[in-house]
Amino acid sequence: MKRAWLIGPAAAVVLLIALPFIGNNYILRIATSMLMYVALASSWNYIGGFAGYPSFATAAFFGLGAYAGGILQFKGVPMVAAWLIAGVIVTAFASAVGRAILRLRGHYFAIASLVIADVLREVINGMTGVTGGGMGLNVPVMKIDVTTQARLFYAAMLAVAVLAVVTSALLDRSRIGFGLRCIEQNEDVALRLGVHTARYKTIAFALSSIYPALAGAVYASWVSYIDPAEAFDVLFSIKPIIMALLGGAGTVAGPIVGAFIFQAMEELVWRNFLSVHLGLLGLIVVLLILFLPQGLLRHRLLRPRMRPLLVKAP
Amino acid sequence: MLYLQVLVNGVLLGGLYSCIAVGFSLVWGVLNIINILHGSLIILGAYAAYFAFTLLGINPFFFVPLAGLLLFLLGYGLQAGVINRVMGASVLITLTLTFGLNLILENAMILAFKADYRKVVLDPPLGLIEIGTAILPRDRLYAMVLALILVAALYVLLRTTRIGRAIVAVRMDRDAAALMGVNVERIYAVTFGIGAFMAGAAGSLMSVMFPISPLTSVTFLGKAFVICVLGGLGSIPGVMVGGIMLGILESFGALWLGPDYSTTIAFVLLLVLLMFRPTGIMGKRGFD
Amino acid sequence: MTLSPAALLRLLSRFAFALTLVGASMTAAGQGTILIGAPLPLTGGLAPEGLKLQRGYDLWAEEVNKTGGISVGNAKMPVKMVYYDYQSNTPRAVQLAEKLITDDKVNFLFSPFGSGATKAASAVSEKYGVPTIAPTASSVEVYDQHYKNLFGTYTPNSTLTEPIAELVRKNAPQVARVAILARNDLYPLALAEEFERSAKARGLNVVYFEKYAIGTLDHASAITQMRAAKPDWIIATGYINDMVLVRKQMSDQNLRAPVVTMINGPAYQEFIDATGALANNVTTASWWHPAARYTSKDVFKSSENFTNLFRTTYKVEPDFTSAGAAVAGAVLQMAIETAGTLDRDKVRSALRDGKFATFFGTIAFGPEGYANSYTPPVLQIQGGKPVVLVPADIKMADFRLGV
């Protein structure tokens, strides 16, 4: 019975694999979106949860990935290659920027990370010749039928999400992960104890950019049209944070659980309460912060049974 | 001639920007909270002025203190009721909380007022003043002057009144202030209220110049950030300087790079400052 | 054997979303009704335009249903419009277009407002093969994807800029310097570029050309620069809220010129109401005007009839946006009646091959999907009212200089 806790996740995995064959296009669309946020939330967790640096840069990475992937495809690069190249470009960008802003702490770091997306958005808005500027970018639509497309993008997003989660698990158990947790507890002490804080932070920050970039590139191909305001929407930074907080920041499973639950709530709200949808989301966030700041997985009631999923108890 | 007008445009707007940012700076400096609600509070003040004008015929310039008062009550209530519970929590927590509250406020405004643009149209229009080759629209001139007066008034308040000194004390050392008998929680609420007051006042001033819509709140928030970092937290003269600097920067930026880049300049400057001099041009000082 | 809480939570969330899907499948079309989907910007910066579109659609739907509906083969089927508000936010428009197709199961679609959103949503229509009529998309860039399902009723932007440029050259030959300010958005920017082309083709000197960001509230910098460039002809493009702001702020800085052209804005009564005396002598162009005098084979029978009907129902003059919406309906109706069926492929062919005599003018969709089969009128505000300058057969007054 020691492995009993595996049944739930196993069932979930089976469902994930079977979905393209049992679900219709609409279900696949929702699922693809959910997986995208799993990737985003898990990625944020590396820098925000493990290291405790409140990064709002997810939207910057996502948007840049979307545009890089979109523009490459527009120029004729095959889709999957475009995605991968976009991932590389954004990671390089994140490493460079990270070196500059990771010296900041607290509020200043948060703002700096937030502003990156704004700057990128304005720059892209201005480069009308290359990006279409305010007119948006049309990514070539694939000449295959809708159902196959839906399955294809689902599979792609699933792959990105899985990679993000696996990276999270590996990071969690690794020396870097341990170092990040030390940084989160007390950075100055960690430094004095010999932890390579600057290097680890930069690695975490760069890692936190890969999967959002890939997700952004896939997203651009999926929706076939992006414009700067949409691709760099601050909600792409905020929602993953909320999801990670909801599930439990700093845990591997937290962002996954948070992403699914938050998205299910959002879908229900969006469908039925379109006009108050944002307000209700805000309310959920407020309630979350006030009453569940540690997240679901760390809540007192659930804690005793959570041990297997929490490698490092807080 | 062109440069003079560009400079004038910048300064006129800069005065208003100072008023927009000072409330935000106060809350950040004293409560250590980045108030994402700030932009929406400004818009709410603008709506209050708009309705006071269209329904009651009150000139928005005269409505400024009333708009401020209404927003003060709202701000005080919000802090005492909700935000107070997360005082001292991590940046992530406080930021996310104010973000959530902002979503609620924005949605409420969209529902109540619709997202369409409203505009206060003064009849007869205020006209313009020509000084040499420069043209100063009267509405912007009055708004700038009033804005600067309000900011100066706040400065005086913090220096001379008891409650002002208490706020500064809490800002400098919370525990010491508590030991001296200051009711820290009440000061927090009052400070947040004052921040909201300034936001409401700024909104009222703005309603004459620009169309109002809940969708524009995020722009003001961005400007408030930049001004705070430019001028340095915790300094009212810093906010004034920062506001006017931003106005001038945007104006010249529009001239040299095109109007669509004027906001980019502000953000790039913000990033550069954050990387190299986060304490801003004026540096971090107490509110004195 | 107990499930770990994380897994439990996960399963619960799947259950939750399975429930939402059950809810989704419950909205099916009533038997014998034709459902037409139209995402609209009912709130937000484009709300004025969204409302106009809605009025046009509603008026058409009402007229059609008065006659029993659209003739499909031997039966008559009533029409039902399905609206969603995308809050002037393009990605939401695209999402809602998809929702209308997959969830609400509409038979056909009308595009959201404006070239940008139309282009974005057209990808969805193409994916699902749903014939879509675009009532407000004039930029050729919208149609460069070679989609088969998009049909645009507006003639391209050059049909607006050429007549105005010609008018300026003939009536104001002293005009030499041109300043252009464009909203950084698909249609306004494309239109501005067309204006640049038309001006340069006539030897005019474009001394200023800048873009402003969507949602800009303060045009002071741009206006200051234009003033310094001393233009004879000022051209501003954007949507109605932008145009009102620009015109007002121009007067704030005392910016005047012999010729001022603004598109889209002055053709709407709202612009005239908001700017008052400032609107006089501003020129504009649109794709239709109540002064038009076409007789038609559609449900309205003639331009005059449409105008009267609109006036009686809504107590205001119809403008080209509302008319455009109504004619989208009229054209769709005629195509369905020609095809004799609701089958999407047959209706698509009917749309592609048809030549429709409507109250808006003759509409025939070219090979790229947009119409180029009628002459859009050029207007000028004189004495607080829009008067037609071009084409000659409905001309109401002469061109005036000086703004």
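A, B and C are the chain letters, set down in written order, and residue numbers restart from 1 in every chain.
We adopt the following convention: a contact is a pair of C-beta atoms (placed from the backbone, for glycine too) under 8 Å apart; a residue touches a chain by one contact, two chains touch by 3 or more.
Just so it is clear, the structure is predicted and the values come from calculations on it, not from any experiment.
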Remotest chain, chain B as reference, centres from CA atoms: C
Comparison of B-C and A-C by number of C-beta pairs in contact, larger one: A-C
Between chain A and chain B, centroid-to-centroid distance (C-alpha), Å: 32
Chain centre separation in whole Å, for chain C relative to chain A (CA means): 37
Residue numbers of chain B (touch at least two other chains): 110, 258, 260, 263
Residue list for chain C, restricted to those that touch at least two other chains: 184, 211, 213
Chain A, residues touching no fewer than two other chains: 122, 125, 275
Residues of chain C that touch chain B when the two form their complex: 43-45, 47-48, 87-88, 181, 184, 210-213, 215-222, 224-225, 227-228, 241, 244-245, 252-254, 274
Complex contact set, residues of chain B against chain C: 1-2, 5-6, 9, 13, 110, 114-117, 119, 121, 128, 130, 135, 137, 139-140, 209-211, 213, 215-216, 219, 250-251, 254-255, 258-260, 262-263
Touching residues on chain B, where the partner in the complex is chain A: 28, 32, 34, 82, 85-86, 89-93, 95-97, 99-108, 110-111, 218, 222, 225, 229, 258, 260-261, 263-264, 267-268, 270-271, 274-275, 278
Residue ranges of chain A touching chain C (in the complex, touch as defined): 1, 4-5, 7-9, 11-12, 15, 25-27, 29-30, 122, 125, 128, 133-136, 138, 141, 146, 149, 223-225, 227, 229-230, 253, 256-257, 260-261, 263-265, 267-268, 271-272, 274-275, 296-297, 302, 305-306, 308-309
Residues on chain A engaged by chain B in the complex (per definition of touch): 48, 52, 54, 100-101, 103-104, 106-108, 110-112, 115-116, 118-119, 122-123, 125-126, 234, 238, 241-242, 245, 249, 275-286, 288-290, 293
